[in-house]
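By letter and in written order, the chains are A, B, C and D; residue numbering begins at 1 in each of them.
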Amino acid sequence: MGEDAVLRRERVIRFSDCDPAGIVFYPQYFVMFNELLEDWFSDGLEVAFNSLILERRIGLPTVRLEVDFSAISRMGDVVVLLLAVERLGRRSLTLALRCEGQDGQRRMAARQVLVTTSLDTHQAIDIPPDVRAAIARTTEFTP
Amino acid sequence: MGEDAVLRRERVIRFSDCDPAGIVFYPQYFVMFNELLEDWFSDGLEVAFNSLILERRIGLPTVRLEVDFSAISRMGDVVVLLLAVERLGRRSLTLALRCEGQDGQRRMAARQVLVTTSLDTHQAIDIPPDVRAAIARTTEFTP
Amino acid sequence: MGEDAVLRRERVIRFSDCDPAGIVFYPQYFVMFNELLEDWFSDGLEVAFNSLILERRIGLPTVRLEVDFSAISRMGDVVVLLLAVERLGRRSLTLALRCEGQDGQRRMAARQVLVTTSLDTHQAIDIPPDVRAAIARTTEFTP
Amino acid sequence: MGEDAVLRRERVIRFSDCDPAGIVFYPQYFVMFNELLEDWFSDGLEVAFNSLILERRIGLPTVRLEVDFSAISRMGDVVVLLLAVERLGRRSLTLALRCEGQDGQRRMAARQVLVTTSLDTHQAIDIPPDVRAAIARTTEFTP
(Lines give C-alpha, C1' and ligand atoms only; values in the text may rest on other atoms or scores of the structure.)
Protein backbone atom coordinates (compact mmCIF):
# COMPACT_ATOMS: atom_id res chain seq x y z
CA MET A 1 0.00 0.00 0.00
CA GLY A 2 2.87 2.36 0.78
CA GLU A 3 3.36 3.58 -2.79
CA ASP A 4 -0.35 4.26 -3.30
CA ALA A 5 -0.84 6.30 -0.15
CA VAL A 6 -2.18 9.78 -0.85
CA LEU A 7 -1.34 10.89 2.67
CA ARG A 8 1.35 9.84 5.10
CA ARG A 9 1.67 11.46 8.50
CA GLU A 10 3.81 10.81 11.54
CA ARG A 11 2.13 11.02 14.91
CA VAL A 12 3.35 10.53 18.46
CA ILE A 13 1.34 8.11 20.58
CA ARG A 14 0.12 10.19 23.49
CA PHE A 15 -0.44 9.40 27.16
CA SER A 16 -4.13 10.07 26.52
CA ASP A 17 -4.20 7.52 23.67
CA CYS A 18 -3.19 4.72 26.04
CA ASP A 19 -4.99 2.50 28.50
CA PRO A 20 -4.04 0.91 31.83
CA ALA A 21 -2.20 -1.79 29.86
CA GLY A 22 0.13 1.04 28.68
CA ILE A 23 -0.74 0.56 25.00
CA VAL A 24 -3.05 2.34 22.57
CA PHE A 25 -6.71 1.82 23.49
CA TYR A 26 -7.92 0.52 20.14
CA PRO A 27 -10.84 2.98 19.59
CA GLN A 28 -8.20 5.69 19.69
CA TYR A 29 -6.80 4.43 16.37
CA PHE A 30 -10.06 5.50 14.77
CA VAL A 31 -9.71 8.96 16.31
CA MET A 32 -6.21 9.15 14.78
CA PHE A 33 -7.50 8.03 11.38
CA ASN A 34 -10.27 10.60 11.57
CA GLU A 35 -7.59 13.27 12.01
CA LEU A 36 -5.87 11.82 8.93
CA LEU A 37 -9.15 12.02 6.99
CA GLU A 38 -9.56 15.67 8.02
CA ASP A 39 -6.01 16.44 6.91
CA TRP A 40 -6.56 14.66 3.61
CA PHE A 41 -9.65 16.75 2.93
CA SER A 42 -8.23 20.06 4.11
CA ASP A 43 -4.67 19.72 2.80
CA GLY A 44 -4.79 17.06 0.06
CA LEU A 45 -8.17 17.75 -1.53
CA GLU A 46 -8.35 21.41 -0.51
CA VAL A 47 -11.92 20.89 0.66
CA ALA A 48 -12.09 22.28 4.21
CA PHE A 49 -13.48 19.51 6.39
CA ASN A 50 -15.02 21.94 8.89
CA SER A 51 -16.97 23.86 6.26
CA LEU A 52 -18.12 20.58 4.70
CA ILE A 53 -19.69 19.61 8.05
CA LEU A 54 -20.71 22.93 9.57
CA GLU A 55 -21.62 25.07 6.54
CA ARG A 56 -22.50 22.64 3.77
CA ARG A 57 -24.07 20.24 6.30
CA ILE A 58 -22.59 17.19 4.61
CA GLY A 59 -21.64 14.27 6.81
CA LEU A 60 -19.25 11.39 6.20
CA PRO A 61 -20.45 8.56 8.43
CA THR A 62 -18.75 5.20 8.31
CA VAL A 63 -20.91 2.32 7.11
CA ARG A 64 -18.40 -0.52 7.09
CA LEU A 65 -15.12 -1.14 8.85
CA GLU A 66 -12.73 -4.10 8.69
CA VAL A 67 -9.65 -3.95 10.87
CA ASP A 68 -6.66 -6.17 11.61
CA PHE A 69 -4.42 -5.38 14.53
CA SER A 70 -1.04 -7.06 14.29
CA ALA A 71 1.26 -5.28 16.75
CA ILE A 72 0.83 -2.97 19.70
CA SER A 73 1.77 0.70 19.95
CA ARG A 74 3.06 2.17 23.19
CA MET A 75 3.01 5.69 24.64
CA GLY A 76 5.86 7.69 23.13
CA ASP A 77 6.06 5.63 19.93
CA VAL A 78 6.20 7.59 16.71
CA VAL A 79 3.89 5.88 14.27
CA VAL A 80 3.24 6.46 10.59
CA LEU A 81 -0.39 6.77 9.47
CA LEU A 82 -1.18 6.10 5.81
CA LEU A 83 -4.31 6.69 3.78
CA ALA A 84 -5.05 5.33 0.29
CA VAL A 85 -8.25 5.38 -1.76
CA GLU A 86 -9.49 1.96 -2.86
CA ARG A 87 -12.71 2.94 -4.53
CA LEU A 88 -14.68 6.05 -5.32
CA GLY A 89 -18.39 5.23 -5.70
CA ARG A 90 -21.31 7.50 -6.43
CA ARG A 91 -22.22 7.94 -2.79
CA SER A 92 -19.43 6.08 -1.06
CA LEU A 93 -15.70 6.13 -0.64
CA THR A 94 -13.54 3.15 0.36
CA LEU A 95 -10.30 3.94 2.15
CA ALA A 96 -7.34 1.73 3.01
CA LEU A 97 -5.75 2.87 6.26
CA ARG A 98 -2.59 1.68 7.85
CA CYS A 99 -0.55 2.36 10.97
CA GLU A 100 3.13 1.40 10.86
CA GLY A 101 6.09 1.73 13.15
CA GLN A 102 8.95 3.90 11.93
CA ASP A 103 10.64 0.64 10.87
CA GLY A 104 7.79 0.01 8.44
CA GLN A 105 6.30 -2.81 10.55
CA ARG A 106 2.53 -2.91 10.23
CA ARG A 107 0.70 -2.24 13.50
CA MET A 108 -2.83 -2.22 12.14
CA ALA A 109 -4.62 -1.94 8.84
CA ALA A 110 -8.22 -1.06 8.08
CA ARG A 111 -10.63 -0.79 5.22
CA GLN A 112 -13.26 1.88 5.85
CA VAL A 113 -16.31 2.60 3.75
CA LEU A 114 -17.78 6.06 4.21
CA VAL A 115 -20.89 7.56 2.64
CA THR A 116 -21.79 11.17 2.09
CA THR A 117 -25.02 12.17 3.82
CA SER A 118 -27.17 15.20 4.36
CA LEU A 119 -26.82 16.21 8.01
CA ASP A 120 -30.39 17.45 7.88
CA THR A 121 -31.99 14.16 6.79
CA HIS A 122 -29.09 11.75 7.56
CA GLN A 123 -29.84 10.13 4.17
CA ALA A 124 -27.08 9.25 1.70
CA ILE A 125 -26.46 11.83 -1.02
CA ASP A 126 -24.15 11.85 -4.03
CA ILE A 127 -20.57 12.81 -3.33
CA PRO A 128 -20.48 16.55 -4.13
CA PRO A 129 -18.90 17.27 -7.55
CA ASP A 130 -16.03 19.37 -6.14
CA VAL A 131 -15.09 16.61 -3.69
CA ARG A 132 -15.33 13.96 -6.42
CA ALA A 133 -13.20 16.00 -8.78
CA ALA A 134 -10.59 16.68 -6.11
CA ILE A 135 -10.36 12.98 -5.26
CA ALA A 136 -10.16 11.96 -8.91
CA ARG A 137 -7.51 14.60 -9.61
CA THR A 138 -5.21 13.70 -6.74
CA THR A 139 -5.61 9.99 -6.27
CA GLU A 140 -3.89 7.04 -7.79
CA PHE A 141 -6.31 4.26 -6.98
CA THR A 142 -5.15 1.09 -5.29
CA PRO A 143 -5.81 -1.75 -7.73
CA MET B 1 -28.72 -12.79 17.81
CA GLY B 2 -31.15 -11.45 20.42
CA GLU B 3 -31.87 -14.83 21.97
CA ASP B 4 -28.21 -15.81 22.19
CA ALA B 5 -27.02 -12.64 23.90
CA VAL B 6 -25.32 -13.31 27.21
CA LEU B 7 -25.55 -9.66 28.14
CA ARG B 8 -28.02 -6.94 27.25
CA ARG B 9 -27.65 -3.42 28.63
CA GLU B 10 -29.45 -0.17 28.03
CA ARG B 11 -27.33 2.95 27.77
CA VAL B 12 -28.14 6.59 27.14
CA ILE B 13 -26.23 8.27 24.32
CA ARG B 14 -24.37 11.10 25.98
CA PHE B 15 -23.46 14.60 24.82
CA SER B 16 -19.82 13.48 25.07
CA ASP B 17 -20.47 10.50 22.75
CA CYS B 18 -21.55 12.81 19.94
CA ASP B 19 -19.77 14.85 17.31
CA PRO B 20 -20.47 18.18 15.59
CA ALA B 21 -22.91 16.31 13.33
CA GLY B 22 -24.99 15.66 16.50
CA ILE B 23 -24.65 11.88 16.22
CA VAL B 24 -22.46 9.26 17.88
CA PHE B 25 -18.83 9.63 16.82
CA TYR B 26 -18.24 6.06 15.65
CA PRO B 27 -15.12 5.26 17.74
CA GLN B 28 -17.31 5.89 20.77
CA TYR B 29 -19.30 2.73 19.96
CA PHE B 30 -16.15 0.76 20.72
CA VAL B 31 -15.82 2.56 24.06
CA MET B 32 -19.42 1.54 24.83
CA PHE B 33 -18.74 -2.07 23.83
CA ASN B 34 -15.64 -2.11 25.98
CA GLU B 35 -17.85 -1.15 28.94
CA LEU B 36 -20.14 -4.03 27.98
CA LEU B 37 -17.15 -6.40 27.91
CA GLU B 38 -16.10 -5.22 31.37
CA ASP B 39 -19.62 -5.76 32.68
CA TRP B 40 -19.76 -9.22 31.12
CA PHE B 41 -16.51 -10.20 32.82
CA SER B 42 -17.29 -8.62 36.19
CA ASP B 43 -21.01 -9.44 36.42
CA GLY B 44 -21.61 -12.32 33.99
CA LEU B 45 -18.41 -14.32 34.38
CA GLU B 46 -17.60 -13.12 37.89
CA VAL B 47 -14.00 -12.50 36.80
CA ALA B 48 -13.19 -8.93 37.88
CA PHE B 49 -11.94 -7.13 34.78
CA ASN B 50 -9.78 -4.72 36.78
CA SER B 51 -7.91 -7.49 38.64
CA LEU B 52 -7.44 -9.38 35.36
CA ILE B 53 -5.62 -6.37 33.94
CA LEU B 54 -3.95 -4.79 36.97
CA GLU B 55 -3.15 -7.78 39.20
CA ARG B 56 -2.99 -10.79 36.91
CA ARG B 57 -1.44 -8.65 34.12
CA ILE B 58 -3.54 -10.32 31.44
CA GLY B 59 -4.60 -8.18 28.50
CA LEU B 60 -7.44 -8.64 26.02
CA PRO B 61 -6.36 -6.78 22.89
CA THR B 62 -8.52 -6.85 19.79
CA VAL B 63 -6.95 -8.53 16.76
CA ARG B 64 -9.82 -8.36 14.29
CA LEU B 65 -12.89 -6.20 13.97
CA GLU B 66 -15.66 -6.19 11.36
CA VAL B 67 -18.39 -3.61 11.73
CA ASP B 68 -21.52 -2.60 9.87
CA PHE B 69 -23.23 0.66 10.73
CA SER B 70 -26.83 0.79 9.51
CA ALA B 71 -28.51 3.65 11.38
CA ILE B 72 -27.38 6.65 13.37
CA SER B 73 -27.76 7.25 17.10
CA ARG B 74 -28.41 10.72 18.46
CA MET B 75 -27.67 12.35 21.80
CA GLY B 76 -30.39 11.39 24.28
CA ASP B 77 -31.29 8.13 22.53
CA VAL B 78 -31.58 5.08 24.75
CA VAL B 79 -29.85 2.23 22.95
CA VAL B 80 -29.62 -1.46 23.72
CA LEU B 81 -26.17 -3.05 23.65
CA LEU B 82 -25.95 -6.82 23.19
CA LEU B 83 -23.06 -9.23 23.53
CA ALA B 84 -22.97 -12.87 22.36
CA VAL B 85 -20.10 -15.33 22.15
CA GLU B 86 -19.51 -16.81 18.72
CA ARG B 87 -16.41 -18.86 19.38
CA LEU B 88 -14.14 -19.72 22.27
CA GLY B 89 -10.68 -20.65 21.01
CA ARG B 90 -7.59 -21.66 22.93
CA ARG B 91 -6.17 -18.14 22.95
CA SER B 92 -8.93 -16.16 21.33
CA LEU B 93 -12.53 -15.22 21.83
CA THR B 94 -14.94 -14.12 19.09
CA LEU B 95 -17.77 -11.85 20.15
CA ALA B 96 -20.87 -10.72 18.28
CA LEU B 97 -21.85 -7.22 19.36
CA ARG B 98 -24.92 -5.26 18.46
CA CYS B 99 -26.43 -1.87 19.17
CA GLU B 100 -30.18 -1.52 18.69
CA GLY B 101 -32.74 1.19 19.22
CA GLN B 102 -35.42 0.52 21.83
CA ASP B 103 -37.66 -0.49 18.92
CA GLY B 104 -35.27 -3.33 18.12
CA GLN B 105 -33.92 -1.63 14.97
CA ARG B 106 -30.27 -2.48 14.41
CA ARG B 107 -27.97 0.54 14.56
CA MET B 108 -24.66 -1.29 14.23
CA ALA B 109 -23.29 -4.78 14.54
CA ALA B 110 -19.74 -5.99 15.01
CA ARG B 111 -17.70 -9.14 15.19
CA GLN B 112 -14.69 -8.73 17.44
CA VAL B 113 -11.84 -11.20 17.92
CA LEU B 114 -9.87 -10.74 21.11
CA VAL B 115 -6.81 -12.63 22.31
CA THR B 116 -5.49 -13.07 25.80
CA THR B 117 -1.95 -11.74 26.21
CA SER B 118 0.65 -11.33 28.90
CA LEU B 119 0.91 -7.61 29.65
CA ASP B 120 4.60 -8.16 30.42
CA THR B 121 5.54 -9.67 27.04
CA HIS B 122 2.45 -8.63 24.99
CA GLN B 123 2.54 -12.19 23.56
CA ALA B 124 -0.61 -14.30 23.25
CA ILE B 125 -1.22 -16.76 26.09
CA ASP B 126 -3.87 -19.42 26.66
CA ILE B 127 -7.17 -18.15 28.01
CA PRO B 128 -6.83 -18.70 31.79
CA PRO B 129 -8.72 -21.83 32.99
CA ASP B 130 -11.06 -19.90 35.31
CA VAL B 131 -12.05 -17.50 32.52
CA ARG B 132 -12.54 -20.39 30.07
CA ALA B 133 -14.65 -22.32 32.58
CA ALA B 134 -16.78 -19.25 33.36
CA ILE B 135 -17.41 -18.60 29.67
CA ALA B 136 -18.21 -22.27 28.97
CA ARG B 137 -20.56 -22.43 31.98
CA THR B 138 -22.57 -19.32 31.18
CA THR B 139 -22.64 -19.13 27.41
CA GLU B 140 -24.95 -20.58 24.84
CA PHE B 141 -22.84 -20.30 21.72
CA THR B 142 -24.20 -18.68 18.60
CA PRO B 143 -24.26 -21.35 15.89
CA MET C 1 -22.23 19.23 50.70
CA GLY C 2 -23.78 15.77 50.93
CA GLU C 3 -27.07 16.97 52.36
CA ASP C 4 -27.51 19.69 49.75
CA ALA C 5 -26.87 17.51 46.72
CA VAL C 6 -29.75 17.54 44.26
CA LEU C 7 -28.32 14.53 42.47
CA ARG C 8 -26.23 11.61 43.63
CA ARG C 9 -25.19 8.85 41.25
CA GLU C 10 -22.93 5.85 41.51
CA ARG C 11 -20.65 5.13 38.60
CA VAL C 12 -18.06 2.45 37.93
CA ILE C 13 -14.63 3.68 36.88
CA ARG C 14 -14.08 2.16 33.45
CA PHE C 15 -10.98 0.85 31.71
CA SER C 16 -11.49 3.66 29.18
CA ASP C 17 -11.49 6.29 31.97
CA CYS C 18 -7.97 5.29 33.02
CA ASP C 19 -4.49 6.12 31.83
CA PRO C 20 -1.21 4.21 31.67
CA ALA C 21 -0.75 4.99 35.38
CA GLY C 22 -3.87 2.82 35.96
CA ILE C 23 -5.88 5.69 37.47
CA VAL C 24 -8.55 8.05 36.16
CA PHE C 25 -7.12 10.43 33.55
CA TYR C 26 -8.26 13.70 35.12
CA PRO C 27 -10.10 15.19 32.09
CA GLN C 28 -12.34 12.14 32.29
CA TYR C 29 -13.79 13.45 35.59
CA PHE C 30 -15.26 16.33 33.61
CA VAL C 31 -16.82 13.86 31.16
CA MET C 32 -18.40 12.07 34.15
CA PHE C 33 -19.69 15.35 35.59
CA ASN C 34 -21.12 16.29 32.23
CA GLU C 35 -23.12 13.05 32.32
CA LEU C 36 -24.30 14.04 35.80
CA LEU C 37 -25.37 17.45 34.47
CA GLU C 38 -27.31 15.78 31.66
CA ASP C 39 -29.03 13.48 34.16
CA TRP C 40 -29.87 16.41 36.42
CA PHE C 41 -31.49 18.26 33.54
CA SER C 42 -33.30 15.28 32.06
CA ASP C 43 -34.34 13.51 35.27
CA GLY C 44 -34.19 16.14 38.03
CA LEU C 45 -35.38 19.24 36.19
CA GLU C 46 -37.37 17.39 33.53
CA VAL C 47 -35.78 19.60 30.87
CA ALA C 48 -34.43 17.20 28.22
CA PHE C 49 -30.76 18.08 27.73
CA ASN C 50 -30.71 16.89 24.12
CA SER C 51 -33.67 19.05 23.05
CA LEU C 52 -32.14 22.04 24.90
CA ILE C 53 -29.03 21.70 22.73
CA LEU C 54 -30.34 20.31 19.44
CA GLU C 55 -33.82 21.85 19.15
CA ARG C 56 -33.78 24.97 21.30
CA ARG C 57 -30.13 25.66 20.32
CA ILE C 58 -29.20 26.69 23.85
CA GLY C 59 -25.67 25.89 25.01
CA LEU C 60 -24.25 25.59 28.51
CA PRO C 61 -20.55 26.33 28.17
CA THR C 62 -18.33 26.43 31.23
CA VAL C 63 -16.78 29.82 31.98
CA ARG C 64 -14.98 29.06 35.25
CA LEU C 65 -13.74 25.90 36.90
CA GLU C 66 -11.92 25.37 40.20
CA VAL C 67 -10.95 21.85 41.09
CA ASP C 68 -9.17 20.09 43.93
CA PHE C 69 -8.07 16.50 43.52
CA SER C 70 -7.37 14.79 46.83
CA ALA C 71 -7.32 11.04 46.17
CA ILE C 72 -6.99 8.83 43.10
CA SER C 73 -9.65 6.57 41.58
CA ARG C 74 -8.72 3.26 40.01
CA MET C 75 -10.33 1.15 37.31
CA GLY C 76 -13.15 -0.89 38.84
CA ASP C 77 -13.79 1.54 41.73
CA VAL C 78 -17.40 2.46 42.32
CA VAL C 79 -17.49 6.19 42.95
CA VAL C 80 -20.31 8.48 44.02
CA LEU C 81 -20.85 11.65 42.00
CA LEU C 82 -22.72 14.52 43.66
CA LEU C 83 -24.14 17.74 42.26
CA ALA C 84 -25.38 20.74 44.26
CA VAL C 85 -26.41 24.21 43.13
CA GLU C 86 -24.49 27.05 44.75
CA ARG C 87 -25.94 30.00 42.89
CA LEU C 88 -28.54 30.68 40.24
CA GLY C 89 -27.75 33.93 38.42
CA ARG C 90 -29.59 35.64 35.57
CA ARG C 91 -27.38 34.09 32.91
CA SER C 92 -25.15 31.79 34.95
CA LEU C 93 -25.35 28.80 37.20
CA THR C 94 -22.75 27.81 39.78
CA LEU C 95 -22.51 24.12 40.61
CA ALA C 96 -20.64 22.32 43.39
CA LEU C 97 -19.51 18.89 42.18
CA ARG C 98 -17.92 16.13 44.16
CA CYS C 99 -16.61 12.63 43.59
CA GLU C 100 -16.39 10.36 46.63
CA GLY C 101 -15.45 6.78 47.28
CA GLN C 102 -18.19 4.51 48.59
CA ASP C 103 -16.70 5.11 52.05
CA GLY C 104 -17.52 8.82 51.69
CA GLN C 105 -13.87 9.83 51.24
CA ARG C 106 -13.57 12.83 48.94
CA ARG C 107 -11.66 12.09 45.71
CA MET C 108 -12.16 15.44 44.02
CA ALA C 109 -14.36 18.49 44.31
CA ALA C 110 -15.10 21.21 41.80
CA ARG C 111 -16.93 24.49 41.50
CA GLN C 112 -18.17 25.04 37.96
CA VAL C 113 -19.76 28.19 36.56
CA LEU C 114 -21.83 27.67 33.43
CA VAL C 115 -23.62 30.25 31.31
CA THR C 116 -26.54 29.83 28.97
CA THR C 117 -25.73 30.86 25.40
CA SER C 118 -27.37 30.98 22.02
CA LEU C 119 -25.72 28.30 19.88
CA ASP C 120 -26.31 30.53 16.86
CA THR C 121 -24.43 33.57 18.18
CA HIS C 122 -22.47 31.93 21.07
CA GLN C 123 -23.45 35.00 23.15
CA ALA C 124 -24.77 34.67 26.70
CA ILE C 125 -28.56 34.74 27.04
CA ASP C 126 -30.85 34.72 30.07
CA ILE C 127 -31.50 31.31 31.58
CA PRO C 128 -34.79 30.24 29.95
CA PRO C 129 -37.80 30.71 32.31
CA ASP C 130 -38.73 27.00 32.35
CA VAL C 131 -35.16 26.00 33.28
CA ARG C 132 -35.00 28.72 35.96
CA ALA C 133 -38.35 27.68 37.41
CA ALA C 134 -37.35 24.00 37.45
CA ILE C 135 -34.08 24.78 39.23
CA ALA C 136 -35.79 27.08 41.75
CA ARG C 137 -38.52 24.50 42.41
CA THR C 138 -36.22 21.55 43.02
CA THR C 139 -33.12 23.00 44.57
CA GLU C 140 -32.15 23.75 48.11
CA PHE C 141 -29.28 26.16 47.61
CA THR C 142 -26.01 25.58 49.34
CA PRO C 143 -25.43 28.55 51.64
CA MET D 1 2.35 35.44 29.84
CA GLY D 2 3.42 35.26 26.20
CA GLU D 3 7.03 36.29 26.83
CA ASP D 4 7.47 33.81 29.68
CA ALA D 5 6.14 30.79 27.86
CA VAL D 6 8.65 27.93 27.71
CA LEU D 7 6.60 26.17 25.07
CA ARG D 8 4.29 27.44 22.35
CA ARG D 9 2.58 25.05 19.95
CA GLU D 10 -0.02 25.44 17.24
CA ARG D 11 -2.73 22.83 17.06
CA VAL D 12 -5.73 22.36 14.80
CA ILE D 13 -9.06 21.87 16.56
CA ARG D 14 -10.25 18.49 15.40
CA PHE D 15 -13.70 17.10 14.64
CA SER D 16 -13.14 14.70 17.55
CA ASP D 17 -12.42 17.62 19.94
CA CYS D 18 -15.86 19.08 19.33
CA ASP D 19 -19.33 18.45 20.69
CA PRO D 20 -22.84 18.64 19.22
CA ALA D 21 -22.69 22.41 19.77
CA GLY D 22 -19.85 22.41 17.18
CA ILE D 23 -17.30 23.80 19.64
CA VAL D 24 -14.52 22.27 21.72
CA PHE D 25 -15.92 20.04 24.47
CA TYR D 26 -14.13 21.65 27.42
CA PRO D 27 -12.52 18.47 28.90
CA GLN D 28 -10.72 18.18 25.58
CA TYR D 29 -8.69 21.32 26.41
CA PHE D 30 -7.11 19.33 29.23
CA VAL D 31 -6.23 16.55 26.80
CA MET D 32 -4.55 19.16 24.57
CA PHE D 33 -2.64 20.62 27.53
CA ASN D 34 -1.53 17.15 28.54
CA GLU D 35 -0.02 16.77 25.06
CA LEU D 36 1.73 20.10 25.62
CA LEU D 37 3.08 18.86 28.97
CA GLU D 38 4.39 15.69 27.27
CA ASP D 39 6.08 17.79 24.58
CA TRP D 40 7.60 20.09 27.19
CA PHE D 41 9.08 17.12 29.04
CA SER D 42 10.26 15.23 25.96
CA ASP D 43 11.45 18.16 23.84
CA GLY D 44 12.02 21.06 26.24
CA LEU D 45 13.38 19.27 29.30
CA GLU D 46 14.74 16.25 27.43
CA VAL D 47 13.14 13.95 30.01
CA ALA D 48 11.15 11.38 28.03
CA PHE D 49 7.61 11.47 29.42
CA ASN D 50 6.93 7.84 28.53
CA SER D 51 9.97 6.50 30.37
CA LEU D 52 9.14 8.71 33.37
CA ILE D 53 5.74 6.99 33.62
CA LEU D 54 6.41 3.48 32.36
CA GLU D 55 10.01 2.80 33.44
CA ARG D 56 10.68 5.11 36.37
CA ARG D 57 7.07 4.70 37.58
CA ILE D 58 6.75 8.37 38.45
CA GLY D 59 3.34 9.96 38.02
CA LEU D 60 2.35 13.60 37.62
CA PRO D 61 -1.23 13.82 38.86
CA THR D 62 -3.00 17.16 39.02
CA VAL D 63 -3.96 18.33 42.49
CA ARG D 64 -5.40 21.77 41.74
CA LEU D 65 -6.85 23.37 38.65
CA GLU D 66 -8.28 26.86 38.08
CA VAL D 67 -9.61 27.66 34.65
CA ASP D 68 -11.23 30.62 32.92
CA PHE D 69 -12.86 30.16 29.55
CA SER D 70 -13.35 33.41 27.68
CA ALA D 71 -14.02 32.53 24.05
CA ILE D 72 -15.04 29.42 22.14
CA SER D 73 -12.95 27.40 19.70
CA ARG D 74 -14.52 25.77 16.67
CA MET D 75 -13.57 22.74 14.57
CA GLY D 76 -10.90 23.74 12.07
CA ASP D 77 -9.57 26.65 14.15
CA VAL D 78 -5.82 26.80 14.55
CA VAL D 79 -5.12 27.64 18.18
CA VAL D 80 -1.91 28.45 20.00
CA LEU D 81 -1.19 26.57 23.23
CA LEU D 82 1.26 28.13 25.68
CA LEU D 83 2.91 26.74 28.79
CA ALA D 84 4.80 28.72 31.43
CA VAL D 85 6.14 27.66 34.83
CA GLU D 86 4.86 29.71 37.75
CA ARG D 87 6.46 27.86 40.62
CA LEU D 88 8.77 24.91 41.18
CA GLY D 89 8.21 23.43 44.63
CA ARG D 90 9.88 20.48 46.31
CA ARG D 91 7.15 18.05 45.28
CA SER D 92 4.92 20.22 43.13
CA LEU D 93 4.98 22.23 39.97
CA THR D 94 2.63 25.09 39.11
CA LEU D 95 1.98 25.72 35.44
CA ALA D 96 0.27 28.60 33.67
CA LEU D 97 -1.48 27.38 30.54
CA ARG D 98 -3.16 29.38 27.86
CA CYS D 99 -5.02 28.79 24.62
CA GLU D 100 -5.17 31.68 22.16
CA GLY D 101 -6.49 32.24 18.69
CA GLN D 102 -3.97 33.02 15.99
CA ASP D 103 -4.89 36.69 16.50
CA GLY D 104 -3.62 36.44 20.08
CA GLN D 105 -7.11 36.56 21.58
CA ARG D 106 -7.28 34.50 24.77
CA ARG D 107 -9.66 31.55 24.55
CA MET D 108 -8.93 30.01 27.92
CA ALA D 109 -6.30 30.18 30.63
CA ALA D 110 -5.53 27.76 33.43
CA ARG D 111 -3.32 27.39 36.46
CA GLN D 112 -2.49 23.74 37.13
CA VAL D 113 -0.66 22.34 40.14
CA LEU D 114 0.89 18.93 39.61
CA VAL D 115 2.73 16.74 42.10
CA THR D 116 5.24 14.00 41.48
CA THR D 117 4.13 10.65 42.90
CA SER D 118 5.31 7.08 43.06
CA LEU D 119 3.04 5.04 40.80
CA ASP D 120 3.52 2.12 43.18
CA THR D 121 2.27 3.88 46.32
CA HIS D 122 0.51 6.91 44.73
CA GLN D 123 2.17 9.00 47.47
CA ALA D 124 3.89 12.31 46.69
CA ILE D 125 7.65 12.11 46.24
CA ASP D 126 10.29 14.78 45.66
CA ILE D 127 10.66 15.97 42.09
CA PRO D 128 13.55 13.86 40.74
CA PRO D 129 16.86 15.79 40.62
CA ASP D 130 17.26 15.47 36.83
CA VAL D 131 13.75 16.83 36.24
CA ARG D 132 14.30 19.66 38.72
CA ALA D 133 17.63 20.58 37.14
CA ALA D 134 16.16 20.54 33.64
CA ILE D 135 13.28 22.79 34.70
CA ALA D 136 15.61 25.18 36.54
CA ARG D 137 18.00 25.31 33.58
CA THR D 138 15.40 26.04 30.92
CA THR D 139 12.77 28.10 32.64
CA GLU D 140 12.37 31.77 33.19
CA PHE D 141 9.83 31.85 35.98
CA THR D 142 6.73 33.95 35.71
CA PRO D 143 6.91 36.57 38.46
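Note that in this section a residue touches a chain if its C-beta (ideal position, glycine included) is under 8 Å from a C-beta of that chain, and two chains touch if they have at least 3 such contacts.
Computed from a prediction, not measured in an experiment: that's the story for all the values here.
Enquirer: Thinking of A-D, which of B-C, A-B or A-C forms a repeat of its interface, with over half the contact pairs identical?
Expert: Overlap exceeds half of the contact pairs only for B-C.
Enquirer: What's the chain with its C-alpha centre farthest out from chain B?
Expert: Ranked by distance of C-alpha centres from chain B, the top chain is D.
Enquirer: Measuring centre to centre with CA averages, how many angstrom lie between chain B and chain C?
Expert: Computed value for the inter-centroid distance: 28 Å.
Enquirer: Indicate the whole-number Å distance between the mean C-alpha point of chain B and the mean C-alpha point of chain D.
Expert: Centre separation, chain B to chain D: 34 Å.
Enquirer: With centres defined as the mean C-alpha position, give me the chain C-chain D separation in Å.
Expert: Chain centroid spacing, chain C to chain D, equals 24 Å.
Enquirer: By the touch rule stated above, which residues of chain B touch at least two different other chains?
Expert: Residues 15-16, 20, 22, 25, 27, 31, 34, 53-54, 75 of chain B each touch two or more of the other chains.
Enquirer: Connecting every touching chain pair, does the picture come out as line, ring, star, complete or other?
Expert: Shape of the chain contacts: complete, all pairs touching.
Enquirer: Touching residues of chain A toward chain B in the complex: what are they?
Expert: Per the touch definition, chain A meets chain B at residues 20-23, 25-28, 30-31, 34, 53-54, 59, 61-70, 72, 119, 122.
Enquirer: Going by the contact rule at the top, pick out the chain C residues touching chain A in the complex.
Expert: 15-16, 18-20, 22, 25, 27, 75
Enquirer: Could you please specify the touching residues of chain D with respect to chain A in the complex?
Expert: 12, 14-16, 22, 31, 34-35, 38, 42, 48-51, 53-54, 74-76
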